[in-house]
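In this document, chain identifiers A, B, C, D, E, F, G and H correspond to the written order of the chains, with residue numbering beginning at 1 in each.
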Amino acid sequence: MEWLKTLISRPSKGVSGKTGYWRTFKPIYDRDKCVLCYECYVYCPENCVEIVEKVVKIDYDFCKGCGICSEVCPANAIEMVKED
Amino acid sequence: MLKEGIILCLGGQGGVTAGRILALACVKDGLYAQAIPHFGAERRGALVKNYFRLSDKPIRRHSPAKRGDFVVVFAEKILNLIDVKEILKEDGLVILNSKRGLNGLKCYYVNASEIALRLNLVSAGWPIVNTAMVGAIARVLNLSLDSVLSAVEDTFGGRLEDINKKAVEIAYGEVKSWSG
Amino acid sequence: MDLRCVLLPGNPSCQGCPHAIGLKALSVLENPIVVVPAGCTTIIAGFNPKQSIDLPVVHVPFASAPAVACGLSKAYDNVVVWMGDGATDIGFSTLSGSAIRNDNILVVVSDNEAYMNTGIQMSGTTFWKAKTTTTPAGKREEKKDLALIMLMHRIPYVATASVGYMRDFVRKVKKASKIKGFKFIHLHSPCPPGWRFDSSKTVEVARMAVKSGAWILWEYDGSFRITGMSRMFRDKSKRIPLTEYLRVQGRFKGLTEEDVRTIEERIDEVWKLLDVLENTINKA
Amino acid sequence: MKTILTGNHAVAYAVKLSRVKVVSAYPITPQTTIVEKIAEMIAKGEMDAEFVNVESEHSALSVVYGSALAGLRSFTATSSHGLLYMYEMCWWVSNSRLPLVMAVVTRTIGPPWNIHTDHTDLMTLRDSGWIIAMAENAQEALDLTIQSFKISESLNLPFAVGLDAFVVSHTAEVVDVPDQETVDEFLPERKQAYRVDPNDVFAVGNIADNLETMRMRREMALDMEKAKGVIDEVGREFGEIFGRRYGLVEEYMVDDAEYIVVMTGAWSGDAKEAVDILRKRGIQIGLLKLRYIRPFPREVIERFDDRKILVVDRSFSMGHRGTLGIEVGNVVDCKNVVAGLCGVDVGFEDFKEMFERFVRGELGEVEWWI
Amino acid sequence: MKTILTGNHAVAYAVKLSRVKVVSAYPITPQTTIVEKIAEMIAKGEMDAEFVNVESEHSALSVVYGSALAGLRSFTATSSHGLLYMYEMCWWVSNSRLPLVMAVVTRTIGPPWNIHTDHTDLMTLRDSGWIIAMAENAQEALDLTIQSFKISESLNLPFAVGLDAFVVSHTAEVVDVPDQETVDEFLPERKQAYRVDPNDVFAVGNIADNLETMRMRREMALDMEKAKGVIDEVGREFGEIFGRRYGLVEEYMVDDAEYIVVMTGAWSGDAKEAVDILRKRGIQIGLLKLRYIRPFPREVIERFDDRKILVVDRSFSMGHRGTLGIEVGNVVDCKNVVAGLCGVDVGFEDFKEMFERFVRGELGEVEWWI
Amino acid sequence: MDLRCVLLPGNPSCQGCPHAIGLKALSVLENPIVVVPAGCTTIIAGFNPKQSIDLPVVHVPFASAPAVACGLSKAYDNVVVWMGDGATDIGFSTLSGSAIRNDNILVVVSDNEAYMNTGIQMSGTTFWKAKTTTTPAGKREEKKDLALIMLMHRIPYVATASVGYMRDFVRKVKKASKIKGFKFIHLHSPCPPGWRFDSSKTVEVARMAVKSGAWILWEYDGSFRITGMSRMFRDKSKRIPLTEYLRVQGRFKGLTEEDVRTIEERIDEVWKLLDVLENTINKA
Amino acid sequence: MEWLKTLISRPSKGVSGKTGYWRTFKPIYDRDKCVLCYECYVYCPENCVEIVEKVVKIDYDFCKGCGICSEVCPANAIEMVKED
Amino acid sequence: MLKEGIILCLGGQGGVTAGRILALACVKDGLYAQAIPHFGAERRGALVKNYFRLSDKPIRRHSPAKRGDFVVVFAEKILNLIDVKEILKEDGLVILNSKRGLNGLKCYYVNASEIALRLNLVSAGWPIVNTAMVGAIARVLNLSLDSVLSAVEDTFGGRLEDINKKAVEIAYGEVKSWSG
């Protein structure tokens, strides 16, 4: 029943590898501006925003740089900056 | 004379179109050509491989080339994702979008991103480098500039035509061999 | 809102993918099984041996999802279908049949208004005049109103939702999952490459749809009501201009002013009907 | 207990005796009476299962796909256009390696509309990874259905039990219906290679590597080969318990036969009578009934490569020859008669004449019996 | 005019050049770009036809069934699951004897989901009365599509033009696109045996007598035989006008060959290169490319019954052997390699090795090339 | 009313067949082509080499009819689909897709509330609690409201009709045939063997359905209105008792008083909704 | 193209033969009671009622005896009588 | 001993059930039997043929019999629709629902319609003659009355059981051979 392993898949991060490399722009977080509204957390399509001890953490390994967190942030606490 | 190439780009960079323009340019030069996009299931952003062949005789094989006589790299960061040497034939050469070339390899380079930005060939923040890269590849493969320009003409309409032709022309002129 | 987060980072979705946002709402379900027919979510869900949705997922043929879910529901309580608008076209018999049978399942149609996985072809829910590869001159037919059609199936729960208003959507998912029988949620899911807008605008475009009155959030659970932000936009004067919503999207390029007026009129008709329904279908 | 049952009702009883838990089907003549009988048994409380009325065959197979995935023994039935309408799901089920049983009442494909027997519909499954059997009569329909669950579940391959429209499906004849205890003894609880479960987080069927997928297909091919042994073994075991032995084929007077006729389905009974008649005249003829179409009993047929073979087909592959003619002809040289398509009656008198012409060497490569 | 086209776009241009009036299709990778291109040409006014967007493949084929019944030249295209989903309609069209053309971009059937080439999907049509061809490259895709209308309409049989997923469908290569006048010269106005018309009151397809229906099937079988001649004749005529001659098969170095490889589809090009390599080493090997699967070129294959034959299959019939292996093996003894299923790449290097092993007698009856 | 009469005597329909009555209405069409999927009408239409409908008839697979009609409509103006409720189940995607496309065809669903041709199995439109061979204990789900669902497809013409009121039906067929685009008529067709009543009662049972308020005649052509006899039965006091309609049918044997009350309540709800629609969707 | 005749069918009365033999009861018309309302004509499922010169004619060759004409007749001008 | 029969009835007369009851009676008598309804596409009312076989050995053939050892006629008017002699073997016999038999043939007759009416076995105006005919056939074929009654019991429930058993009994007693 080797076939079973081909038919069945288990949860894992990074199915498409470290998708951080897809990025053109990078979200930069400004803790000072943040009002901890959780919008970035709720709307990040990559699910790579965490809020730990009242600080937003972006997992740049996977963040694709879509810019949604920046757009939805009511406090302009996330800025998109061109990657080099 | 059969030459096989592999074009590496990121989804959304227009590698498929580049291949087709190049192939069309070959036809105009009286050659035979084949552009084989590799379709994985990936969405835009991910690495995409395109295969390319040109020959003076009709091309019969359709399987992807395991190694290329040349490998084209649309973005420097692709070099972190794949070992170019693994898909390059012994004496193969690399054509790279960069300010510089690669050491230890026969390498040509052109700053296609910069050319694109210069021409304001940008979409969603990305410089559209494919036509510049076409220019560079064409030069390296010794295709005639006229043919490439005419192929670009056939591919684009309106405003896009001119700007892309310009990108081709610039890159055709600027591509350099690296000796580092 | 706890989105324990069933969607794992590094998945294959495009930047700014609306399905990816919407899928996170499934985090609130208890022990669900998710049935996914062909569509972008097939890709997003990942490649063997890995998968990027941290739930049991059953991939199924395009037209089969509610029926497969019905079968699973004979053993399990919380079976969810997550499908696209395209799957709803080809599988409309399946969906309608399942609804009529009142299968104990929740169906979410994540509607990005085209067949995206195959490269942006029109679907039944594609907006009037929107350009797709199979409607290069703009779609000639109107957007299919899935939710109203499902409402006429007399099932216990029907709602519309939007990826622009996740709290509203999550509430609806939670509520639906507590109801026995067939539940249907029509989720509005603007797609950056498909609608031709920047990947950062997914949520904004979704919200503009609601704010302009073009997409209306409502819910039926025995009673019918306009919900969430849409309550505010009943008042036409509070809405943003429709053109704001339309112009940000590349697919509407070339829309004339008359077209916009036509769209506006149609939106008015829908509001009128929903108002009436709210006054009529009302248990309280 | 011996009683009178139609082939369809025999299948329905077998489904009940096999303790199936979910049945879903869509009406189509001449399949309908199978599921009507099941619906009736469930309504009367004689059978403990759920019956799901669906809006199409595609959904019927989808429903039982779902319930079988969840670990419930499941059954569906269809025919002709119904089979073609669920065709996509048929492939999905087999490629999922999901054990499941479906009765297929073979019927002509239209146009013109025609509800009578023809094996062409069933044969469309032959590439797909379904085990395919054909019942000769109501008793075999019952017996094969009971065996099918065991075989399907031990190989993780779906199983199609074929029966000829009307000739078997609606003909009432003597059937020995076993009792529940004996069937329970023969048929254990459902087993399957994997089961979808909210507490075991995995996905089924997402995109996989090409080479891995091809390997999966090769394993299926190998399991189909293994199925030959399993079928014979289960058939032997069935024989020990119920007194009626089964296997890939039924050999009727073939051992010393100079001439062998190969065929499948209900008309084999008529053909046996014709064989008897010719035998009485001293003609050494025998009948090899293919009880299974998949796996294809290649090795059995090979044993007879020194005989004169006639394949009688009730299905035809347009642009080549009879479907079994192609299959058997791949193993041994054979003549091929195409007969009984679209419900045309073919009785023992026809077979007598046909076999006589065969023996006299009067048959061409492919003959249409019209 | 020589230009660069993908196989799919080549088909789209052929459809335009054939003056098709109604196109209906449903998106499925890798078929989609055919109809996208057609939709674009219609929108731009370059093509005078109606494009009907439908909600499923079953309906796509139904729509063109309707328009073709009404006498309009019609076209659809699909792939894999799409073909399986419209499977019922496929049979309906052929049993209606309605000329019609469909492109089938061959693709793996799931699960797991897989969009790459595999001929299994196309092969499911082989019993149904469709003429089935496979294009080796974009040029053949274009040329066969133009010929398909003529062949289909002169035989009243529908025609499926197969092309390998991606390998042909998405590979851009040099194609000579003929001009409209020349195509018009080659391809006359649509003709068909009957046409539904409000002014001619008759019904199509209502219940008919069994025997009459079987007779109808026999006529279809005979017309399929006749198709062999028509295909060669039309291919010859095409050659005269366009300079590229077609026929049931392509013979590549077979005349003096001791070893002959039989296969179909895009990889034949790679195989030819491998033949060249072996030939250079003095090995007398040749390639018989089946351009048509239906009608099956039985007589051509028979001519080579004194050679050693290897059939390379990109489809497998579970429980027996490769699909072409079965077909060809019915005519001549052959070895059978099953390769490239589920999109696995097989290139000229593979063929070189495979053919070497074949010549050295190292291949078993059925070998999986994994 | 001239029923030139496209249905020829000596056809294979059962005694008292509702389809046979209904089919006569097609006599008023100009140069129609009739598309018929599998169902009793396949039989009624006759056996080769004869046919009993004096019009061009195209027999087609069960789920395909509106799509085939769409294809024919590319050449001809007056293409009509005549299909059963069962064909509407399996072909609901096809129907819905055709409606959304606004194909220029007229679809008549002759609804005898079960799959009769295969021997009385339940369909989506089978009435709640009705006994069929696949619902021997009575159907558990409600009758699917096809016409309202189609109304929500926003097509130019939707109507209900009854074989008990042929003049109303004929008027609707005529009117629909003059409109360009997708037209839908849901025809109520009580079937003697299927519903278990005497063959002489077909028309009476159909009328009882209308008189009891259980079947409501209405029409939408831009405006929505209750039509014909049903206008009278808006007034509940004018209706005949529901039990009269139910009791004449063998399929409802064993219905309890509570069941009847439940049915009554549901009928009230539908009337309420239709009343509202009449007041809302009103161009005049 | 022999097949064409099998695929195609032409209109004809009596597809199922003279279906009059299906009858158990026979509709008997009473001209005196008839008010010529055409109900019988409209509702006869067999389409075997004609009204010629103000007289209802039933084609007994085909009338299956369903009894609908009798039921819908507002004047009781059609009576169903058991066949012998 | 293999006997083949053809039962002619009109759709709705219960010929299929009759065949099954008879077959069941055969089993109870230790015989083998087969009842093959012929399904045309016709609706109720039209002529229907049912085939019947009984034998002391298992029955292998499944094809319809071209001619019967016996032919059963459920209604006299069937004789206008079909020539019984054409489907009867040389020495075959006819069993007829009628007040009288047929001349020139070996014939049994029973007034099954009258028996049905007598027992009020009526549906939609039609006398339900099938069980009476079963009684008559059973008698002619020498099946035991007990077996037939038991078969009827297995087939019907409740009120219908008794009345149908009565019909069988009466016809079993009343069927007569015709000598005219």
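Methods note: contacts are C-beta pairs under 8 Å (C-beta built on N, C-alpha and C of every residue); 3 or more make two chains touch, one makes a residue touch a chain.
Given the structure is predicted, the values throughout are model-derived calculations rather than measurements.
Trainee: Which neighbours does subunit D have in common with subunit G?
Mentor: A chain counts here if it touches both subunit D and subunit G, which gives E, F, H.
Trainee: What is the chain whose Cα centre is as far as it gets from that of subunit F?
Mentor: Chain B.
Trainee: So, what's the distance in Å between the C-alpha centres of subunit C and subunit A?
Mentor: Computed from C-alpha means, the inter-chain centre distance equals 23 Å.
Trainee: Just how far, in Å, is the C-alpha centre of subunit E from the one of subunit C?
Mentor: Using C-alpha averages as centres, the distance is 39 Å.
Trainee: Measuring from the mean C-alpha position of subunit A to the mean C-alpha position of subunit D, what distance in angstrom results?
Mentor: Distance between chain centres: 54 Å.
Trainee: What parts of subunit F, by residue number, touch at least two of the other chains?
Mentor: 12-13, 15, 17, 42-43, 46-49, 51, 53-54, 59, 61, 63, 89-90, 92-94, 96-97, 100-101, 124, 198-199
Trainee: Provide the list of subunit H residues touching at least two other chains, using ranges where the numbers run on.
Mentor: Expected reply: 41-42, 45-46, 124.
Trainee: Hunt down the residues of subunit A that sit against at least two other chains at once, touch-wise.
Mentor: Within subunit A, residues 5-11, 16-17, 19, 22, 64 contact more than one other chain.
Trainee: Mind giving me all the chain pairs that touch?
Mentor: Going through each pair of chains, those in contact are A-B, A-C, A-D, A-E, B-C, B-E, C-D, C-E, C-F, D-E, D-F, D-G, D-H, E-F, E-G, F-G, F-H, G-H.
Trainee: Give the list of subunit H residues in touch with subunit G in this complex.
Mentor: 10, 42, 45-46, 77, 80-81, 124-126
Trainee: Going by the contact rule set out above, which residues of subunit B touch subunit C in the complex?
Mentor: Contacts found on subunit B: 41-46, 124-125.
Trainee: Write out the stretch or stretches of subunit C touching subunit A in their complex.
Mentor: So the residues of subunit C touching subunit A come out as 1, 3, 5, 7-13, 15-18, 20-21, 24, 46-54, 166-167, 192, 198-204.
Trainee: Touching residues of subunit D toward subunit E in the complex: what are they?
Mentor: 81, 84-85, 87-88, 91-92, 94-96, 108-114, 116, 120, 123-124, 126-132, 204-208, 210-211, 213-218, 220-221, 224-225, 227, 294-296, 298, 315-321, 323, 325-327, 329-330, 338, 340-345, 368, 370
Trainee: Quick one: in the complex, what on subunit E touches subunit B?
Mentor: Spelled out, the residues of subunit E in touch with subunit B are 2-4, 29-30, 113, 115, 137, 164, 166-168, 170-174, 266-267, 269-270, 272-273, 345-348.
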